[in-house]
Structure formats: structure tokens, C-alpha cells
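Next come two complexes built around chain A: one with chain B, the other with chain C.
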Partner chain A sequence: MKNKSSILSYFLLFIFAVLPLIAGLGYALLYSFGIVGALNTGFTLQHWKAAFADKAIITSFLYSGTIAGAALLLSVSLAMAAALRYYHLFKKGFISYLIYLPLAFPAMVGAFFIFQFLSKGGLLSRIFYQAGITSSMQQFPDWVNDKYGIGMVVTHLFLSFPFFLLLFVSLIETQRLKDFFQLSASLGASKKQTTFRIAIPVLLQKSFPNIILYFIFIFGAYEIPVLLGRSNPEVVSVMAVRKLQKFNLQDIPQGYVIAIVYTLFVLVFILILLKQKKLAYAN
Partner chain B sequence: MQLMQYLYFYLIQKNMLNKFSIALLSVVVLFSCNNAAKQDEKNISNLTWQQTEAKAKGASLTMMMFQGDRKVNKYMNEYLVPLMKTQYGISLTIVPGQGKEIVSNLMSEKEAGKEKSEIDLCWINGETFFQLRQINALFGPYTDKLPNSKYVDYDNPIIKYDFQQEVKGFETPWGESFYYLIYDSSRVANPPVSMAEFETWWKANPGKFTFSTDFSGMTLLKSWLVELAGGMDGLDGPFNENKYKQYSAELWKWINANKKYFWKGGETFPSGITQVAQMYSNGELDFTTSFNDAEVDNKVGEGVFPVTSKAYILKAGSIHNTHYVGITTNSANKEAAMVVCNFLISPEAQVKKNDITLWGSRTVLAYDKLEKEWQDKFSALPKRKYGLDAGYIKSKAIKELAPEYMLRVFDDFRKNVIEK
Partner chain C sequence: MQTKSSFLFRLFIASLCIIPVLILSALSFSKNWSFPSLLAEEFSTAAWVDLFTPGNSISVSLVTSLIIALLVGAASTTMGFFVSKTIAYNRYRRSLLLMAYLPFVLSPVILAVCLKYYFIKMNVAGTVWGVIIAQLVIALPYSIIFFTGFWNQRIKEYEAVVSTLGGKPGYALRKVIIPLSKSLLLICFFQCFLISWFEYGLTSVIGYGKVQTLTVKVYQFLTEANIFYAALSCCLLILPPVLLLWMNKRIILRYLN
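Let's turn to the complex of A and B:
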């Protein structure tokens, strides 16, 4: 029985994930080397050279990684703290339903909502003005399209926080952490020791694959940075789409170059990190 | 569990994979050469207009166009689509998509060797026309076959050239647009017109001005290039590398020296005109720009723009362009598509399109070529309340520059200003 289902799962995996990936990657490779494409004329390395002649591509990868890292660090730590501290609130009752709400937001809507809320002409700025905290729109701090990516991080936080909160609440339950807490307390551990020695390590270990996948999700996000980001630096996906869809059709192969580098990066990242932690989530 | 995670990963990656699936489809559909299209073109040129109309009956057409405006959608869905059905028996479906979407759709079809296009008609403009001609995706020449072409002055340079590229019958002119700025007269007493005045104004009002990195913002940059080149005819004609190098270097220098007075200190620019218009309406910016003649009237009417909004034109003049409708090379119903194009330039359809309460876009028909009855109908249309005088606009018209200027301005603005 177990054998059968695992064959089926590999088959589905192949059809839905591996095949499109290989075909798409192959096509992108051919395109980037000038072999296919309406305006390409034959094999050339020129597009790869052009893409890397520009430092923007490296900056872009680092920038995307930093945004994703910052958003996740905040989201995971806040969600973990909330799940451990207010476990009972989220388990049942009104709040346990309320927390599902942001999960229903598409990224685009979330980004727009934050834009309306945090921009200089936005809701918060108006409240500050009415309350006399600021005397003009210009005094309100830059929180969207800003230097530090605050708007983007806040939106990712808003969208991912409930996901991690629900994940941790269910992990506390399935891993029977409450029993462990009781046990450690009865053995004389302090609350701090219980939290840092048992709760956090167990939750982190069990949720590690999800955190990594979410990292990749934020790393490749498009709608949020396109609305709340800056013209420079750009995140990877915004840059790739700009090259793919720009006025200049000759830039399309460069867009594919970025897409290939991005895909390879993600694949390598996944392979290395998940392989190391394989034992941790195998059960 | 493992499978779920992989699927999850797959869904997460969907953004990329969508593009990849399209690519996959393109690979799966085999490359093939189509002589069928060539045959078609010969047949069409032999048909009389009656035969064309007869052949068009019962056809289904898909038109891809900008659908981001309520009034435009209303004109299409409540006026044009039902009329095509009752008068010509053509079922017209409107699908959303503009510029780059049209190009990438047709390009993918071409790359996949698809013989019958999913798109028959498309609303195009300057850069899209340039790109579609580059990949040979437009059918033509055909406009000389349309009976209503008699009302159009094809020698008018604003119609004859689309971004300095001769149209040569490959697209039907549909409406005229021009570029202008909008300001709020309650906040700005004397709007800056020349570059020197802009500089003074920015210094006195930091943070209240910016432009978008899309087509609209780049047109503003082109207008300044024209001013640097000595005015209206300064950059007319084919692309001139030397002129471009000289004037663009001056332009970047000027912008870099002043961008600290822009919105967010000129460190970032909004990605689209919608964002600029939104910030104008909530007071964060004092200016926005438009290509739509009726924009101020419409937006004030909707209560989005302040009633003190006014339109005005820069010192160099106003870049004019025409929007057109093209038929795709691989359309399976070119006759029906031609019938639709012919109707679009009929006085009847153009009066409606010109009406500010319906759409409000300027007509492409030459007034003196119209019959008296239609001249009267055009004259009787409600006047624009906030717009500019037609005669004044005409005297300030700049022909769209060659497409290379746009290409270079896009790239160089990024290199010399944004990434600096």
C-alpha cells in the first residue's frame, strides 16, 4: 500500500513540478542563448554578458534576500511569541477565526491596503495630521516606496504572520508541547528554560521546511515590491519582468537570463537546506 | 506530507511557472511555416466591399484592448458590440490587454508557429505598432479598402506617422491624443511651463513633483528633450544619434541637479501614471499628466480630482499621437475585422467617441471631408469644461518622436538617473 502511494506521488510530482520546470527552463535557456525567439538570430553569449555587465542583477539578489530575511525574522518570532503566550486564544473562539482573515488577502490587495494605510497621503498620515502630531503631509515619515523597504516588510509580515501563528499553534498541539512543558516544570526547569530549551527549538525544527519555502515565496514575490518598492534597487522578479516586458524587445533574452539564474538559485538553496534537515522533517 | 510540500513549492513558484508553462506550450506546438496567410491576403484584395461584408457575416472576432476606463468599456460593450451583431452579424468579444500584453501574446503565437491567432483586432499605439511591425504581426496594407477612409486625411502628419514610422495602411486611425499636464490652481498659482520655471518652482516647493517611469513619464522627458533641442521641430524626423547624445546629456545633468526637490528626494519614481494621478488627487503631488483629452472633465465629474484642476501645455509644445486599431497577420477573419475597422471610422461611431459624456476622445476624421449633416453633429457636441481649446492645442502640436528616442530615454533614464 505504502509503495503504491509513493509511486503515485512521484508520478504527480513529475507531471506537475518537474516536467514544466525542465521544459520551461530548457526554453528559457534556448531563448537566452539566442537559439529560439522571434527576434533572435542564432547562438550567442551576448545576452548573458549584457545581463552580468550590469551590477544591478547582483544587488537585486541581495536586496530580495534581505527583504525576505527581515520579513521572516519578524514574522516567525512574533508568531512564535504569540502562539506560546496566547495559545488558548487562538485555539478556539472568535480570535481563532479572525486570524484567518489576512490569509484570504491576495498579495496585491494586501500591498494596496498597506499603501493606502502608510503612504504620506494615507489613512495613518491623516490621523496624525488631525491629531496634530504632524502639521503637513511632508512631515509624515517615508513608509512606502522607502529606502529600507519598510512598506514591503510590513506587508509580508501582515500576510505571513497568521500563517505562522496557525502553524505554531497546531504544532504545539500535535507535538504535545504542553505535556513537555509540564514535564520540564515538574523536573524543576524555569519558565525561561522551558521556552528557550524546549519550545523554540522544537517549533523551529518542525517548521523549518515551511520557513524556507516561505523565504523563497517572499524572495520571488512580485506584486508587493512592484507597488511598494523603489525604482532602484529592484527585487529579482520585478527586474526580470521589466526586462521581459519592456518596450525594447531586444531585452527579452536578458529577462530569461535572470529567470534562469533565479530558478537555479532557488533549486540549489532548496536542495542544500532541505537535505541537511532531512531527518528533522522525515517523520 | 512530502508530496504536499512539493506541490506547495510548485504553487509558490507559480509566478515563474506560468511563464514556463506558456513556454512549454510553445515548444509542444510545433514550428510550422504558414503559406495560408499569404493566400488569404491575395483573396482579400480582390473582393469588393459588398463581398467583404458578405463574407464577414457570422464571424466571431476577438479584440484586445485597454479596458481600464469605465467610459471606454461602456462605449465598447453597450454601443459597439451590440451594433456589430445587429448590423453586420459579427460577434465581437473584447478582451483586456494593452501594449506589452498584445506584443507578448502575438510573439508567443509566432514563436510557437500558431497559424490562427487568438486575437483578430488590437488597439495599438506608437511603440506597440513599432514592435508588432518588427515581428511582422500586423496585416496590411488594408485601410485603402475601407469605404470610410474617405473621411480621413491620411496626409495629416499626426495620422500618417505613428512615432515617425509611416503607417502605410497597416492600422486604422481611431482617435487623437495629446500630452498635457494637470495642476491644481488652488495650490499652484502660475504653473511652470519652461525648464527654467520648473527649476524655480521645484526649489520653492520641494517634494511636490514627480513623474512615472512608464510611458507617461518618459513622454515628459521627451518633451524636455524637444525644449532643449530648440522647440517644436527640434527632434523631428528620423532618430539622430548626435542630437540625442547632446541633449540627453544636458537633460540628465539637469534632472540629477534638481531631483533632490522631487517627491521622495528623487530617490525613487512611481512605476505608473495611475499612482501619480492618485497622489495628485490626495494632495501628495501638485501635478499629474495625461494623454486623455477628457481626463480632467471626467475625473472632476467623478469627484476624484479637485474642481480647481486645470490642464496646460509645456513651452516646447504638446506631443501628439494617434491611437489606431490593427488587424493581426494570423487573424482567421480578416474581412470581418475590416468591417469593424470601417465602422470605427464612420462619422456615426466617431461622433459618439468624441462625445465627452460617452468617451471624449478627439476624432480622426477631417472636418472638411464630412457631409454637412455630420459637421453639424460634431459641432453640436457638449463642450469640454476643463480641457483646452482645440485650436490652441493644434498650434502647439509636436509630432511623436522616432521610437528610438523612447527606447533610449527608457534605458538611459534608468542608467543615468535612477541608478545614480
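Let's turn to the complex of A and C:
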């Protein structure tokens, strides 16, 4: 009986986690080497060479990394500062409930809201116009579909700030940081020393797996860039889907190259995490 | 000084949380919103009332999303609960969990474009079942990771006590394990429900645009520049997560206390 349920468990793990990865990546790998797929004639490295020679693909990886890094840097630093200063506000009361509200926003809804708020025809542009700061819609700066990815960063910030804020508030409590603060103060440490020598290192160390995982999520995000990004530069997921879903069959092998390189990138991050034995499940 | 900055911070958080909901709600009741008006020229409840018209496309998407999310939530929670037990007590626990971690952290849309070929071959691309299977690929690993922490030495000892007293494994499951894990099962169900409910990239690729969940509908309305219907769909998308998060918080707090 026990054996039967174990076999069923391994079977389910294999079917829903292992097999899709092996099958999906295997197909992508074979396609990228010209072994399967329309227009492919046999083993070749030309698609890989073409992909690495294409500056747009390399730019896409760097662009995605920069967007993810910028969004996380802002989100983590702002959330940490807010949690350390206003920790007590989230223990009870209306705000402690309200802060959960943005967590109910799917990425698609977050992107739609930011578009309606920050675009040239959006609410902020109208407020600027009514206040006399701008005299036409065109004078309002490009904050969505812009080359710096401001709209994307703001949306990721809007969606991730409450998550990190709640995470840090909970860590301050579970790690008993307030006790450490009192102890360091009684030993003569200044507030600045306590913050930079105790609070920030502890919070960063404990939240490190979440920060890395969030980086991976933002790096591979699709809904927000597809609504608020632009075609040049393009983030990895949008570029991969465009190459794989559109009508130019010549682009498909390169699309699979992007998918494989992206997966390897994620794998490296996961292995780094495991090596440091900091993932929650590893302990 | 502290009180003033606390007040300003509260105001900032309240604005951050409430303004998006207000804007989306206002847009869903609007009919015409031309520049530079701050408010729509015309407000109407027609779009909301139309939701109750039989065959309304947004209502159909709402029901489709609900069915998919409920099935994915229930299936991934049930399977994840039992699979995680096998993994948690296995000596290769870390390696097995790594396998579960990968589909969960990969971009769903990239995973979907790599898997699309097989879904076409299995004749499930563009069907609700295809989307459910595809979403299970990301929801089940989450559920496994979620439950792995639950299976610890204490639970093992409870099972051993039941067994020593003559209880069968099924009895231990019904009378000890499930009552102990009730809150976690509920939280996991909510989380898996939300994974499915929020999902767009994988659903649009495997669903081929034929399975019109609410997220797919929002994107469709946006490409048609129909912001009012998009806002209405957004409001419907937010509603269940808000309720679930509110319940989740109460459950989490009760669980922690």
C-alpha cells in the first residue's frame, strides 16, 4: 500500500515536473540544432552562431537583467527602510490589512493600471495639464513604452513593494531584531550603526532567497513587458515568444536558443542558491 | 515629528493600495473619458448589468477562469500534499525538490512555447483541459514545495502512535494528519487558485486564444483599445483574490496564534 502510494507520487512528480522540462527543453534543443522542425535539414550550429551574433538578443538579456535589478533595488531598499522605520504600523489596525491589497493584483492588472496612470493620456498627465504644468498631452514625458523601461520598473515596484514590506516586517518580528536594537543601544551603538551593522545585514541575509527568486520572476516576466515595454529593446520572454509565435519560420530556431539560454541562466541562479544552502527547503 | 511622518506614511500606503482600485472601478463604470478631463464625461452601470445577460463574453470568461482555477487549485493541492510526503521522507529530498523548483521558477510563457508542440500532438491545445494540464505544471510543483515543510518528525511520530494503537494509515490520515494540516491545505488551495487565476502567458499560448480566461480577455480588450471593458474585467480579476487574501490573512493569523 505504502509502496503503491510512493510509486504514484514519483509518477506524478515525473509527469508534471520532470517530463515537461525534459520534453520541452529537449525539443527546443533539437530544434535549435536543426535536428527537428520545419525548414531544418540536419545538425547545424548556425542558429546558435546567428543568435550569439545578433546584438538584439544579447541586449535583450542585459535589458531584462537591468529592469529586474532596478525594480528589485528600489523595491527592497524602500521596503526595508519603511519596515525598519514603521514596523509598528503593520502589527495591527487598518494599514496592516490594506497593505495586502496590491498582492491581489495580477501582473496584467498592475500593468493596465500603470498604463492608465502614467501614459500620455493617463490620469497623471491630465492632473499635470489641469494644474498648468503641461499645455498638451505630448508635453507629458514618455513613462510607458519608453526605452528606459520606467513603466515596467514602476509596475514591478508597485507589485513587489508590499510583498517585501510584509516580508521584512515579519522578519523583524521572527528574528527578534527589536531586542538586538535594544541590546546594541545599551552597548553604546548609534542608531546608524545599529541599522547598517545589524538590521540591514540580517534582513538581507534572511531574505536573500526571496530576492533572488523575485529577480528570476521579474527577469522572465511577460505580461508587464508585453503591455508596457517596446519592441526595441525587448525583454527576453517577449523576444522568445515573438520569434516562436510569429510567422517567420526562420526565426523559430533562434527563439528556442533564447529559451535554452534563459533556462540555463535560471538554473545557474538556482544552483547558486542551493550551494549556499539558504533555500528554505534546504534547511 | 514621528507622528507626522507616521501619518504621511499611512497616507502613502493607503493611497498606494486604494487609488488603483478606485481608478479601475471608476473606469469600469465609465463610457467616455477624453483628454484632459479628470473624470469620465459619462458614467453608466450598463457594462456591469450586462454581465448578467446570458452569453455575455466577460461572464463566460469569468466562469471559465473560475472553473480552471478551482480545478487547478483542488488538483494541485491534493496531489502536492501526497507527493510532498514521499519527497520529504526521501533521502534524496534536495535533488527531488530541485526538480520541483525548476518548472515553478521558469517563465511560464517560455515553458509554454517549448511545450506547445506536445499539446498540439496530444490534441489538447486550445482546450480547457490543455490549459488545466499546462497550469498544473507550475501549480503542482508550488504545492509540493509548499507542503514539504509540513512533513516533519512530529507528524511521523503521530502516525507511529496511531499505528501502535492499531490504527490503519487511512485512519491516521483522516483523524490526525488532515485535521492537523487543514489550515495549510486551505492556504495552499488559495495560492494554487491564485496562480491559475493570475496566469496569462501560458494560458494564451496553450489556449491558443480559444480558451478565454479573464486575463486573456483583459489583453484582448486592451489591444482593441476598449479600456472600459478591460477595467471591468480587471475589477472581476481582483475581486476573488481580495476575498481570498482577506480570508488567508485571518487563517494565517489564526494559524500563527
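Please note the rule applied: the second predicted complex is superposed on the first by the 250 of 283 C-alpha atoms of A that agree within 3 Å, B and C clash if a C-alpha of one lies under 4 Å from a C-alpha of the other, contacts with A are read in each partner's own complex, and residues count from 1 in each chain.
Methods note: a contact is a pair of C-beta atoms (placed from the backbone, for glycine too) under 8 Å apart; a residue touches a chain by one contact, two chains touch by 3 or more.
This structure is a prediction, so every number in the text was calculated from the model and none was measured.
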Which of chain B and chain C A:R230 touches, first, second, both or neither: first
Partner chain(s) touched by A:F113 [first = chain B, second = chain C, both, neither]: second
Dominant toucher of chain A (residue count), chain B or chain C: C
Which of chain B and chain C A:M137 touches, first, second, both or neither: both
Which superposed partner A:G24 touches (first chain B, second chain C, both, neither): both
First, second, both or neither for A:A189, with chain B first and chain C second: neither
Contacts of A:A259 with chain B and chain C, given as first, second, both or neither: both
Partner chain in contact with A:A56 - chain B first, chain C second, else both or neither: first
Partner chain(s) touched by A:V202 [first = chain B, second = chain C, both, neither]: neither
Chain B versus chain C as contact partner of A:F217, first or second or both or neither: both
Overlap of the chain B and chain C footprints on chain A, listed as residue numbers: 9, 12-13, 16-17, 20-21, 23-25, 27-28, 121, 137, 213, 216-217, 220, 222, 226-227, 237, 244-245, 259, 262-263, 266, 270, 281
List of chain A residues in touch with chain C within their complex: 1-2, 5-6, 8-10, 12-13, 16-18, 20-21, 23-25, 27-28, 82, 85-86, 89, 94-95, 97-110, 112-113, 115-117, 121, 123, 125-127, 129-130, 137, 158, 161-162, 213, 216-217, 219-223, 226-227, 236-237, 240-241, 244-245, 255-256, 259, 262-263, 266-267, 270, 274, 280-282
Chain A residues touching chain B - in the complex, by the definition given at the top: 9, 12-13, 16-17, 19-21, 23-28, 31, 36-39, 56, 119-121, 137-138, 142, 145-147, 209, 213, 216-217, 220, 222, 226-227, 230-232, 237, 244-249, 259, 262-263, 266, 270, 281
Interface residues, chain B side, partner chain A - complex: 1-3, 5-10, 12-13, 15-17, 19-21, 23-24, 26-27, 100, 103-104, 107, 110-111, 127, 131, 134-135, 207, 213, 264, 267-271, 279, 282-284, 406-407, 410-411, 414, 418-419
In the complex with chain A, residue positions of chain C that touch it: 5-6, 9-10, 13-14, 16-18, 20-21, 23-24, 27, 35-38, 79, 82-83, 85-87, 94, 96-103, 105-111, 113-115, 117-118, 136-137, 140-141, 144-145, 148-149, 169, 197-198, 200-201, 205, 215, 218-219, 222, 227, 230-231, 234, 237-238, 241-242, 244-246, 249
